[in-house]
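Two complexes follow with chain A in common, the first pairing it with chain B and the second with chain C.
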Partner chain A sequence: MTSSSVDRTLRAPGRFSKARRGSEPYAFILPTALLITVLMIVPIVMVIGYSFSDNVITNKHPELVWLANYAEVLGDPVFHTAVINTVVFTVGSVAAHLVLGLAFAMMLNTQLLSRFTKALFRTVYILPWLFTAAVIAVLWRLLLSPNGVVNYLLDSTGIASGQVEWLSNPDLALGSVTFINIWAGYPFFMISLLAGLQGIPHDLYEAATVDGANGIQKFFSVTIPQLRPIIISMLLLDLIWTSQQFALIWMTTGGGPINVTEMLSTYTYKLAFSRYEFALASTSAVLVLALSMVLAVFYVRHQRARD
Partner chain B sequence: MTTMTKRNRNRLLMKVGVILGLVAGAMFAGFPILWMLSSSFKSNGEIFEFPPRLVTEDFSFGAYLSILTDPTKVRFFVNSYVVAIAVTLLTLFVAIMAAYAFSRFEFRGKRIINVVIVSVQAVPPITLLIPYFGLVVVLGLYNTYPGLILTYMVFTLPYAIIMMTGYFNTLPRELDEAVRMDGAGSMTALWKVLVPIAVPGIVSVGIYTFMIAWNEYLFALTLTKTEDMRTVPIGIQLLMGQHSYQWNEIMAMSILGSVPVLILFLFFQRYFMGGLASGSVKS
Partner chain C sequence: MSKDARARRGTFRLLGVLATAATLAATAGCAASGSSESSDGTVTLEFAQWWEPELPEGALRGMMDDFEAQNPGIKVNLLSGPYASTKEQLFAGAAAGTMSDVVGLDGAWVSDFAKQGALADLSALMADAGFDDSELASQIQVDGSTYMIPAVNFVYPLFTNDDLLSKAGISAPPTNRTEFAAAAKAVSALGDNTSGWILPLSQEAPNGIQNDVMSWTWASGGSMLKDGQPDLTNDDVKSAVEFVQGMWNDGSIAPGSFTMKEQDKVEEFSNGRVGMMIDSLAHINLLRENDPNLKFSISAIPAEDGFTGERGIPYASWGIGVSDSSAHPAEAFKLVQYLMSEKVNSELSTVANAFPGNTKSVPDFSNSDPLFQTAFDIYKAGYPANEFTGLPVAEDLMRSFDGQFQSLLNGDQSVDETLENAQKEWESQF
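This part shows the complex of A and B:
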């Protein structure tokens, strides 16, 4: 199985395409259509409505303020910080996910080791993906605590010394949460890339060998071009999901210290549930939605092209 | 030196290199988890002992016992199981019906519904949270199981339908067509013929659904309020909020909270890999 076949799989096999029309399929779709309407379409219309209003949720009679909320959110320096942090966090995480995922997938795809050994390593490598954000957050708070084992190991190997405040030092916090997210997310890439590597026809490598290519040349002329469609799909999905990351940030730094790890998600959440500025929060939420939709359009178009 | 031995030597060097790389990677991936396990068996005073020790000298199940005997904490697990199992069953029921329509019928609007279902997966949870909060309060579902169960289905349903449709497409149409030709309705064809042979696909979709529901954090945080309605991920965070950190209990709770997913993973590893590779599951 290659990467997402999202678009293709919802279509019935072509030769039956004119098989049957009628009202019958609608009965089967009805529960889904109802749920999607209630859980998706209505809420999105509501949140867009909120973003143009004032006094929403907390007040029964909101008033229309048109673009005033947008002006306020877009002019808020903390929002600017959140945008920059989200970009740094997302690009750093996604790039590292790709590099680590590809490196691990290539090592796991080696012909030099037995199947069993590879299966064992693969199981260990996928472990971080199996833990939920809450667990990952508390675990790394323990590991990275000033008296924690990471500082001990760095100190005893002479790399760094003393009680480094990884999550509460403003200079280090953004790097630290990005690192945690890298650790938590690379298996997602690794598994897809491993499946992709196993699908590369062997004769491509043999042909390259005949042409006198060395290992590095084969990597750039065979491996990368063959994996390209999977890599692009994964990059887009990871960009979408990482830019929406909330739980991990919320439970490690909560956006602090002094906003250095504030993301668009935590910024939006705080507007709504700490300051009860639901209209401003909705505005920020709509901006986040717009960002995701831009990425989603690229993703859907890429999937179409692959079909 | 002959070419043969030179090649053998290169092969050996490469093998050593790959093994070293794999071991380094395994330490990066596995050490934090090993540390979590080890800390859960320590006494709290030993957590920051210097120098730190991976294997504790007085190994104890005390942290686990104190969690499993505390009714408040047990309640977190009960809540998580109730919500995750309900979400799984409901999602499967709705997704199986939709997937049957997508796999076996052509109908007007199919393409639009298809696009909506695919793009729902890219909608940020934080965007839905604010209107959900308003809706759930208005509907009287704030701080209830149905409020969580219903909202979780926005995450689980899209990919469940996509995966289920893909699975149905691999099953021969002749099977359920024949039943329909004999005069039985579509419902019979679906539930009596198609579903029984689709069990492997249903199991893998069910596992993913359970995992997503079990791990969900943002909606559980916002749409519940009282301690008796909190799920495991929130329970773990609540332990962190207490005045003195009981790190051994926090780690034990984390292990206990991860056990259902770890067990499902170990038993159904093949399905996990397949589904992950298809890119249809959130990381």
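This part shows the complex of A and C:
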């Protein structure tokens, strides 16, 4: 055996183990990377590709039409209605989620109620979060039916009379579905903010008391600043989730009456599964993705700033 | 290039290869074919449908066992699921070219599947098999070729609550529009949240346009099409739309129409809050179960005053077709032929509480509700009418008409504007 072959023999395991060490981190992320590739990157790239074709899925030989689909979707008055409705529904829901969530969280964090009472309220307040969208839709369709419990109660108490069409009246439908979504979503805020409230050092309130601050001043000068990081994160996440709400809208109003509750999600669904215009549906989905990405960028930047 | 960089590049290359392989494996996994042939030559057909869960347990499997006994060398694998799942499965299969050999079809899907080339031309398969199609009650055609055969039909007659009508001073179900409007007004006048008629117009499931609105046109022998193209502005459609609008203005329609679905309609009727509804015969048993004391009758949908012609009665079908991608179309058509044969079709319509797709078949109603026999008499006296069957994007046509119709009832536009707008929307889809 020559000296050079001995060298190679001795060096080889060292090189192999070095390469192995170098590839170890990649091996760890490999399963996740594969899953993300197959389940996210491939579908997203395919949908973006579809949005530049004349029609896909139902057409064996789709042709490239570049931005024609974007021009068609962006020029559709129903799309404009869907954008406005989505903004109203999302902003209304998120604002109410925050106010209600914060109010209930503060109530559950108060020293004025006994532990039993707080446990009882906590159970009651969290209930809406335990139901799936389908159950919530069925429940509220029954409650808000013209012959439902809500109208019965309003009639009995003299607040309103007759068979109010909460979901079928074009003037009331958007408000009604927003209300249902508020009811379904506030517990998430409540629980997160309650955790935040419980983490605020008591010293801060004591110091504020020594400085002569009243309850309102303590709320705006201690509570809100301390909860600010949580509030911003929750707001951004809720904006993303609520803007994509589909199941609740579809199962309560289907985007109607007329198109007063048409959202970007229902508009996209109808293009895909009612008109079988999968390329236009992909275009609409890409536009929704772009809007969501704006919010996602803000969320990531905020998270980075926190870190 | 450093050793580290080379190792990193090698790792990236490996990752790329693995990702590509995984993607290919995932997509290849979707490309399994329908039928299969074993080494002894036995062909196993896939039959995807939503019928089995809706039939008495074992009924469809029993028919398949009988078919297999009559056709040695052919086995049938039933792929059963709810209607919505079957629809999604078929659309995915049509896109991927993996549709089951024999498929249960809704008439609303046929045009899209046929244009996509996903369904086999049954006219050619019938000719190849020497099948006599004169016994078929109807065939759903696209561009002159048959793509679906209705195996059984579920008709939509008028249901009337006997007690409510009697309380309102109406002794018999209405037979024309004037009688119907008067009866609906009288029942609504009873108060206590009672309404004369119920009209579901939900955008989620817009089949109310087919069953509860257009049915008025068909019941008077009218049509919404001319030479296969939309003709919504004709006098027949206009008259029906004006009639429904009149009922709305009279306050004879139950509140909540704009988001009401078919199940809400059945529920309101079975709760005794509605005097009349147009509904599927398939719901008779459900109504009996919900309230055994509910007294109701069924009759033909009222026609225009003085109309003496044959009445169209809306229907929905369990249709059957063969996949264009089937490797065994001849064997697949044998199954279609078997299900459409006189004896088997009688048996299928009996267990489904429906009416046969074979004109010679007669369902056995001896163990059924007597109202089925009444409905069968109505069915035989008229003709099955559902012009949405076979139209392109049929559900979307209903939905766009629904939007325009809701605008009309909401007072946003006139009848003429409604029909002209709907006509324009429909024309863009044809």
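Convention: the second predicted complex is superposed on the first by the 284 of 307 C-alpha atoms of A that agree within 3 Å, B and C clash if a C-alpha of one lies under 4 Å from a C-alpha of the other, contacts with A are read in each partner's own complex, and residues count from 1 in each chain.
The rule is simple: a residue touches a chain if its C-beta (ideal position, glycine included) is under 8 Å from a C-beta of that chain, and two chains touch if they have at least 3 such contacts.
In this text the structure is predicted, and so the values were computed from the model without any measurement.
In the superposed model, A:Arg275 lies in contact with chain C only, and not with chain B.
By the document's definition of touching, both partners, chain B and chain C, reach A:Ala33. In the superposed pair of complexes, A:Val87 makes contact with neither chain B nor chain C.
Contact with chain B, but none with chain C, is seen for A:Phe131 once the two complexes are overlaid on the shared chain. In the superposition on chain A, A:Glu165 makes contact with chain C only, while chain B stays out of contact range.
In the superposed model, A:Leu237 makes contact with chain B only, not with chain C. Legend: residue contacts after superposition of the two complexes on their common chain; A:Asn147 is shown touching both chain B and chain C. The wider contact with chain A, measured as residues touched, comes from B rather than the other of chain B and chain C.
Contacts of A:Ala95 after superposition on the shared chain: neither chain B nor chain C is touched.
By the touch criterion defined above, A:Gly185 reaches chain B but does not reach chain C. Across the superposed pair, chain B and chain C both touch chain A at residues 18-19, 22, 26, 33, 42, 57, 141, 145, 147, 250-251.
Put simply, chain A touches chain B in their complex at residues 1-7, 9-13, 16-22, 24-26, 28-29, 31-33, 35-36, 39-40, 42-44, 46-47, 50, 56-57, 103-104, 107-108, 110, 112-113, 121, 123-135, 137-143, 145, 147-149, 152, 156, 183-185, 187-188, 191-192, 194-195, 233-234, 237-238, 240-241, 244, 246-247, 250-251, 264-265, 268-269, 272-273, 278, 281-282, 285-286, 288-289, 292-293, 295-296, 299-300.
Those residues of chain C lying in contact with chain A across their complex are 3-4, 7-8, 10-12, 14-15, 18-19, 22-23, 26, 91, 94-95, 112, 115-117, 193, 201-205, 254-260, 264, 268, 273, 393, 395-396, 399, 402-403, 406-407, 410, 412, 429. Those residues of chain A that touch chain C in the shared complex are 15, 18-19, 22-23, 26, 30, 33-34, 37-38, 42, 57-60, 141, 145-147, 163, 165, 167-170, 173, 250-259, 270, 274-276. Across the complex, chain A is touched by residues 11, 14-15, 18-19, 21-22, 25-26, 28-30, 32-33, 35-36, 39, 47-48, 50-52, 93-95, 97-98, 100-108, 110, 113-120, 122-135, 150-151, 153-154, 157, 161-163, 165-166, 169, 173, 186, 190, 214-215, 217-218, 222, 232-234, 236-237, 239-240, 247, 250-251, 254, 257-258, 261-262, 265, 269, 272-274, 276-280, 282-283 of chain B.
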